[in-house]
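Okay, handing you the structure first.
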């Protein structure tokens, strides 16, 4: 059974940003779902050590919190990625590769989350666990900033009517995120609590809806 | 190779509910498929302990049942999510985030299922395993109720012609599910068998097809 | 940013078979990809036992073969699922649930494959490993047969012009598959080699392209 | 609720290359995301052995590099697969099966990556680990070459206006990749360093954008 693919006009967008978005949605969906694999199902012997299943499940609370934070974190990136494509009008090879780098940082998050959930309550390992989480928090901001810079530079890949002040505001937000994340990494060596508070504060700011794209001068 | 994305008119829906649905479908598909990873492949030593591979595979029966129940459970949510989008006409930032919370509860199910499958036959751990399963059963109902409340409040995101009595009937069903799930958690501390029966009864009710949306007064 | 979803006419198909196909494609894609997780990365101590990494990787050959067979097997089902939707014109609640059951059988295959790959070379466990594989081979055929029966009964969900003899030929093929798979399970208790040969023969037949749908009397 | 699927004209492409691309995107997305599962979360005892969490996380550097290389590698294949479908106009049964074989090689990469990351620093196992990586690098090139040969032979599945010299250039590139990958495997037995350099060189060449399809004589 040979299946004809219809006229080129319909085909081109499909192989343009539609596939890029579908591929990215796939990575987001999997990264969110894989997070739960990091919460370990106990063996019978472990349960005895913890004093029963109920106690074991309760003592997992830091893992539930880091699971929750990471799901919301990936969800926010999904919302913003989707928002980005409301004004990006073209894709090219460099943009595609940058997007792959960004997705790599997103799919690294289940590992970062597992480290945080497992060791944040452990006096000896809390500091490196939080430093690592701050690094994991910074990582996706770098390619996102590069992607927005690359796409908006001389309106390379965005709608030509997209307002310059709108672009500037987005870049300012991204530079602020980069600065705060870098700061949180440095601070984490001295005070993990303050570092984690910075991350949480950024987190809450990220929850705010992204600005609606502005067109025209 | 630069790929032009065509006229905005086609683009907008793609970045609207189409991506939300694609992303959600991805999470449903992965959650269903990950469930099988919780059924462990035995080591040679374990097989000797269980008296052979055939006996080992047969003794896994509670895992097969909890696998089956969880697949159907996620499948029902997929059907209902898909039905929800037959009358939701717009999405916004809050709706997107609520949907992420809902998907988080769905992707938590493989963990809940693994706990049930591993410990339901163990006298000592049966009660907490069933309580945990009842909690896992309740969890997605909460964001679903909030999503429907949010979307239908003053027809915020739904078709303006959607009938008010239809909306009311859906909310009544959701409140009933919330009440029964909460009840099953409480009951599970005293009688795990009755709690599990409540869950199974709700399960069978959930299998019924959702009501076709009614438009007009 | 509120995103309007356009006219209902475009919306309905999207929530019809398009989402069903997308969801199913997700499950197929994940099931194929999860198969590799069943091939274990060795610990250093194991390597010493096997006499080095090269020897370890070579001795994994039954796992590579069962990986290969299962990928092709899932791939064939994907091709046939896709072919099914070239003549299925509607979906309904029962059809959706049947499809979930079918996908459950598909996502069970990584477990079946792991059991075969791990134990087929082990004298003591070869017979149950092959019986289990034959069961895993039979499992998806059951819901597929029910799906085709349900969809084609009085042309319930298929194109009304679909030729009756074409439908009959498809059902005959499915009954033959059911019979052969059941036979292979029974035979596997007496002669695993003959059972595996039946499965391989069916496998090669499945590789043939499905019949192009015939319309009109 | 019965959902009608609209006119056949819209349906056919959806079951043509659109589903093939969606399915492939799913596999690419999952393969990229699964890679992180191969980076193991440590147990408390292991941390003591390594001298703390920070040291453990630092000593994982070869795993981070092999993670990075594999993500980019899969990303490049995704970009090229997407490019391939800008001139492939039809699909058929053989093409679908070849694509499944190709996806199998892609989803094998997380295993190859894990082996490289775990053993490349181990004197005793470095040579087989690199040989295995070279094999993993060669594997997807074989089905890609066959797919392009099959689709372009007498313009079987590609746009009939696709330029013959363009096709020839693509095949020459593929034959070169095949030769270099095979060479790297042979060389890896004598000098893993040179073999790895060949792979890295090919890698950098693969990063260049694929040629825009040329139409007309």
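We just call them A, B, C and D in the order they show up, numbering each chain from 1.
The rule is short, and it goes like this: a residue touches a chain if its C-beta (ideal position, glycine included) is under 8 Å from a C-beta of that chain, and two chains touch if they have at least 3 such contacts.
Everything numeric in this text was worked out from a predicted model, so none of it was measured.
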Taking shared numbers over all numbers used, above half giving same and below half different, the chain B and chain C interface sides are different
Farthest CA centroid from chain A: chain C
Averaging C-alpha coordinates per chain, one finds the centres of chain A and chain C separated by a number of Å equal to 34
Separation of the C-alpha centres, chain A versus chain B, in whole Å, is 24
Among all residues of chain A, those touching at least two other chains are 1, 3, 12, 15, 22, 26, 29-30, 34, 37, 83, 86, 92-93, 209-210
Chain C contacts chain D in the complex at 9, 12-13, 15-18, 21-22, 25-26, 28-30, 32-37, 39, 41, 44, 47, 52-54, 57, 67-68, 71-72, 75-76, 78-79, 82-83, 85-86, 88-93, 159, 207, 209-210
Within their complex, chain D touches chain C through residues 1-6, 8, 10-12, 14-15, 19, 22-27, 29-31, 34, 37-38, 92-94, 96-97, 100-101, 103-104, 107-108, 110-111, 114-115, 118-119, 122, 124-125, 127-129, 131-132
